[in-house]
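Shared between the two complexes below is chain A, which has chain B as its partner in the first and chain C in the second.
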Partner chain A sequence: MEFEPLDDFEEKLKRSFERWPAPPELKRRLMENRRRRKERPRWFALPREVLVAVSLSLGVGVFAALYSGIASYQHEQQREGEAARQQVLTALRITDHALDNINKQLAAHGRASQE
Partner chain B sequence: MAHDWQPDFEQLVDEHQSMVFSLALRMTGDRGLAEEIAQDVFLEFDRRLGKMESADHARFWLRRVAMSRSVDALRRRQTRGTDRWVEMEDHHGIHAEERTSPLGARLEQLLATLPEPQRAALVLRYQEELTPEEIAAALEAPLATVKSHLQRGLKLLRAKAAIHLKEFVREKECVRGV
Partner chain C sequence: MKNRFITFIFAAVALAMPALAQTAQLPVSSPIEKELAARASEATEITLDKKMLSLASRVMDGKDTYDDATRQLIENLDGIYIRNYEFDKEGLFTAEQVEQLRKNYETGEWSSLVRNRDRKTGESSDIMVKLVNGESHGLFILNVEPKEISMVLVLGPVQMSDLKKVKSIVKGTVKGRGGAEKSIPTKGKSRP
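Right, the complex of A and B next:
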């Protein structure tokens, strides 16, 4: 395919495909957007090192909060388990004491019948 | 690398807004969308202004980004399945006839019916008068592919023009009562 010189049809295309004039408001809107963008606080434009440090601190903070939450939950579970165990032991001691009393009464009753 | 060129954003906008807008308009066929694309391109350009090494570099960058943003916008719109030029005339009140000759307007309409890669190559070739090598660089495509798009696009456009422009001439003659 030859690109030079252009034939008649290509010349017509060239003439037809001239640049369109940009709309008059394009530049005004653009400069307005540009001004607004420059006025906006740009925290994301902080140095990369600062953003990395902030992200890492946030990550560590979240991890620490999760870890302490889990540890506290486990501690609470252990405490509740221990309390339940103590209650069972107390109940067993009471039962043991009651049975002991009944045994003593039965023995006393047996001795009285023999006499 | 240090460079001496001191770009002036406003001056560069004045110089290149017509190019960026025309590329976007010919690629998308939608005046509103073309304006949006031009805005995005120039705002991105402003962010990268410090990296521009020369006027040529700036022009090359603007052309490349205008084309890629237009192609992205077209692909996002493809799902809608609307006819670009019908939409353009119906909703945006743009008439290709307003600036170019009626023949030129027909050619613009025919260009809009070409597949997007062929249209991109032809717009850069005939609007921007770029060589195939420059088009390949602007579209970030292999040279052989660009040459093929140019060849096929031109052939298709010629064929369509042969049919439609005959009808067009016949219509004009009927209107004139020839």
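Right, the complex of A and C next:
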């Protein structure tokens, strides 16, 4: 059977479909890579006890941080509240002092107008 | 749908406006106050907004008698603004400066209860209340002595009878639960 001459593209296509034998060291290289991947340590491959201990430690750490944060916030609120309380008491003292002075002024004014 | 949403937003804002307007704002320190503070030998400036009053109320846990009375006095207030200036000698402030302090409260919503002027000594005193729909929503006290100016502004529902309570608390005549009398510990005035 006679074929018409192939153009370049068809030639390339034909070549790319041709089967080539694998290089002789390919199998060795693949096996080597597989062995290396197996040997690489993985955190989830740790013993269960270690994982539980790490998880518990993390949990306790988070709880301690939260507790400490809340306690610190409450302490700060208490400190600010106490400062505000002292200011309220000072405000009451000044108000009382001003009222006393006003009473004295009015009394003096009343005496002066009687005279 | 979009129009309905916009109408809802406008309605919500319109409803919220009166509530927002009812919370009176404390004034900011005026330049006159700063001048007076600079000349005063002792200046006490206290500004307590609603949040600070709420904080103070929270620590007034009723362990002390005056704590109970003070908490009742302040729990509904919107704010307290105190300025007290003591001077070493007379003549360190002018009548114009005092007038500047007073003029903010000489408006229609403030009614004068006490007004006293002594031209000879320069002493004066004012007690004014802020009336909104016949209800008291604020109290302003200004007392001027030759060597001292005291200004007290209380915002929120305040009655004249509360002034008597202030005296009771400060003078320590509030009876304790067991009948014992207690008084506020006498500490020096807080300096900001």
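Quick notes on this structure:
By our rule, the second predicted complex is superposed on the first by the 79 of 115 C-alpha atoms of A that agree within 3 Å, B and C clash if a C-alpha of one lies under 4 Å from a C-alpha of the other, contacts with A are read in each partner's own complex, and residues count from 1 in each chain.
Keep this in mind: contacts are C-beta pairs under 8 Å (C-beta built on N, C-alpha and C of every residue); 3 or more make two chains touch, one makes a residue touch a chain.
Every value quoted in this text rests on a predicted model; they were computed, and no experiment measured them.
Contacts of A:33 after superposition: chain B is touched, whereas chain C is not reached.
By the touch criterion defined above, A:109 lies against chain C but remains apart from chain B after alignment on the C-alpha atoms of chain A. Contacts of A:99 after superposition: chain C is touched, whereas chain B is not reached. Of the two partner chains, chain B is the only one that A:23 touches; chain C does not reach it.
In the superposition on chain A, A:57 makes contact with neither chain B nor chain C.
In the overlay built on the shared chain, the residue A:81 is in contact with chain C alone; chain B does not reach it. Once chain A of one complex is fitted onto chain A of the other, the partner contacts of A:72 are absent, as it touches neither chain B nor chain C.
Within the superposed three-chain model, A:14 lies in touch with chain B and out of touch with chain C [touch as defined at top].
Taken together, the two complexes place no residue of chain A in contact with both chain B and chain C. Residue ranges of chain A in contact with chain C, taken from their complex: 77-78, 80-82, 84-99, 101-102, 105-106, 108-109.
Those residues of chain C that touch chain A in the complex are listed here as 44, 46, 48, 52-53, 55-56, 58-60, 70, 73-74, 80, 82, 84, 114, 116, 118, 123-125, 127, 141, 143, 145, 148, 150, 152, 154, 163, 166-167, 169-171, 184, 187, 189-190.
Taken in their complex, chain B has these residues touching chain A: 9-10, 13-14, 17-22, 25-26, 31, 35, 38-39, 42-43, 46, 99-101, 103-105, 107-108, 111, 122-123, 126-127, 129, 131-132, 147, 150-151, 154, 157-158, 161. Listed in rising order, the residues of chain A touching chain B in the complex are 1, 3, 9-10, 12-23, 26-27, 29-31, 33-34, 37.
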